[in-house]
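Two complexes come next, and they have one chain in common, chain A, joined by chain B in the first and chain C in the second.
Entry: the complex of A and B
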């Protein structure tokens, strides 16, 4: 083998970079986010359900909220009819946050876990007692 | 033919993954396949480089793309014709990060009867766009493998999504990689002489990377998936304690199958230029053959027989024959 003084360190660096997720996780517990839904408003509900079903909310809430913003601010529509035929007011603070008042235990758990930084709170006032 | 074959090869991967995911083989497509592909990638890559390293480079063959170092009052081109290790490192950095060789690309055309040489930068520009966005996308994906997400990755993420168009926001690198891969494909289709020399091995990686980018974008904007479930799976893969959560969308398994195909194909394909660029003898050698003696590593030891020894050997015979001698 030729130039092993350069090629071997190069290969070690390559393998080190490629396996970064493996060795950087050694000795760390695997924290799986568990968003809490035990707010006073949710606890009072007889049937605990969101505006749409859980799977849809989990995967697509960001698209829905973005859509709501456009409808309210650009088209002046204030009500959303969901798949159950109910009319819901399209409002982050008055609809979403009425039940999910625990931003730090609900929104932030998954958003921090997947490094998502929504810019909701650039305009909206976030619930009190939570540091940005 | 080459194009059709490559196209249907990629379609076949998609179909196999689709059928597999729909029939519930989530462990196969979510755990076994990526593990196997990653192992092939790492072992194959290292093996290939070691194989290259076993071949000697007989001569100093750097491309002399500028004035060589000569008399002190003639300024030499330190990056395009380096004579020192620092110069070589500078040249390699420009080559690897900014594709300097490609930047120097020229085209020769016949214009109204005259042969005209001119610069040709489009390939350089789109190659740069393609490779850099590929790198950024790969780095960005670390947010789904590592917990907590490293600061640098968070920075890349926010710069890449800074347009803040829609929710989830569009990434600039997503748009750029599609532009890049489309250009690299179109030049192989539109330019007759490039089309003539294009093989399945050229089209297949392009289609594969296009399919990876397309499924990724579809997964982000159209067929939404449970991203927390995906991160749980990927972190568990990195910890070697694989768990496949329920309710991850089918498109995720298609995306993973395509990426696995790319990783497994990588060491056996032209994509090895990722490692090969570091081992290019025309770029990584100092042009110092006027200052330093280089010996071909495969030279065998030659038995010399100097005249002194020759004379010692035959002195008596030569003396008898009356031949002139250097030493009596």
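Entry: the complex of A and C
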């Protein structure tokens, strides 16, 4: 091979640079997000539970909120009966955020980790008021 | 030569018979009168499934409002507007071009452009007519909306789903009452320094907004904010219920509606 003394080191440097993102992040995993639930409203609850069980809320809160929106706006149904038979008002601002008043330490932790950018807060007012 | 002639004759016979069969089998069914109308899928548009104007049925709700113009002056109007706009976080943009209005006032001549009678009494001529979405029984805005962001609820309220609005403004062109406002600018700019109602959202730039007859309160059995602000001037109730507040008032007083000739059937009645 002609110029192997230039090509082979060149290739090694090239592969090294291309795989930089892989080997540079080995052993430096982003810590798992830990949404906090220590808000005044939740601390007052005797049994700390959301409208549905935690696993369902973790996996399906987005579908649930979508369904709530359609039921409230299209059908004029304002109340949701959960699996425990309790009636809850279907409202992001008046139900979800009344308990989870710590949006930055609850919603945002996972949403930032997974790079999800829901546009709820373009219109809905977060507990701390409008972000400017 | 002879053979060829026979083939043509046979072909024409078959063609003729098939045409007759086709007409008898298919075409006559298609041309049956009334068949097309019934099957064209407009059943959801008819008012039979829910309350519409002119139905005497208490179980089918059709919300409507009356405005007693003999009791409206600038102060009363301002009180109602303030109650509505502060509750719904309606921004004040500070200039007429970017204005957002759910409830507003205008003169008789501007509100009733079709008015056949130009010589009404001085009081009405100078009164500030309280204007809002008419929650039409046949709303043109709903017909033109390409995304179903605006729609008529079964109880007659013409509502908006701001999540679906793409800001095309067809509805603003469709509405003959100017009841819709477009958010040219970020509405939160117009709410700076104001006390927000944190139980109701704001809107975002690029959506059309309007009065929603306080659907969020009506669903909970409460009266709209403007009605509770000036209860002796405004009344709200079920048009299909002969004993409702609005029907009782409408039986006693003469009322007019805006641009009735357009056939939109407004649900806001002005008592004159």
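Following the convention adopted for this analysis, the second predicted complex is superposed on the first by the 102 of 132 C-alpha atoms of A that agree within 3 Å, B and C clash if a C-alpha of one lies under 4 Å from a C-alpha of the other, contacts with A are read in each partner's own complex, and residues count from 1 in each chain.
One rule holds in what follows: a contact is a pair of C-beta atoms (placed from the backbone, for glycine too) under 8 Å apart; a residue touches a chain by one contact, two chains touch by 3 or more.
Computed from a predicted structure; not experimentally measured.
Once chain A of one complex is fitted onto chain A of the other, the partner contacts of A:5 are absent, as it touches neither chain B nor chain C. More chain A residues lie in contact with B than with the other chain of the pair chain B and chain C.
Contacts of A:78 after superposition on the shared chain: chain C is touched, whereas chain B is not. In the superposition on chain A, A:38 contacts neither chain B nor chain C. Of the two partner chains placed by the overlay, only chain B lies in contact with A:117; chain C stays clear of it.
Residues 119 of chain A are contacted both by chain B in one complex and by chain C in the other.
Residue ranges of chain C in contact with chain A, taken from their complex: 89, 151, 153-155, 157, 159, 161-163, 188, 191, 196, 198-204, 215-216, 219-220. On the side of chain A, the complex with chain B involves touching residues 1-4, 7, 10-11, 14-15, 18-22, 24-25, 28, 30-33, 55, 58-60, 62-63, 65-66, 110, 112-119.
Touching chain C in their complex are the following residues of chain A: 69, 73-74, 76-78, 93-94, 119, 122-125, 127, 129-130, 132.
Only residues 41-42, 45-46, 49-50, 53-57, 142-149, 153-154, 157-158, 164, 166-168, 224-228, 231-232, 234-236, 238-241, 247, 249, 275, 278-279, 297 of chain B touch chain A when the two sit together in their complex.
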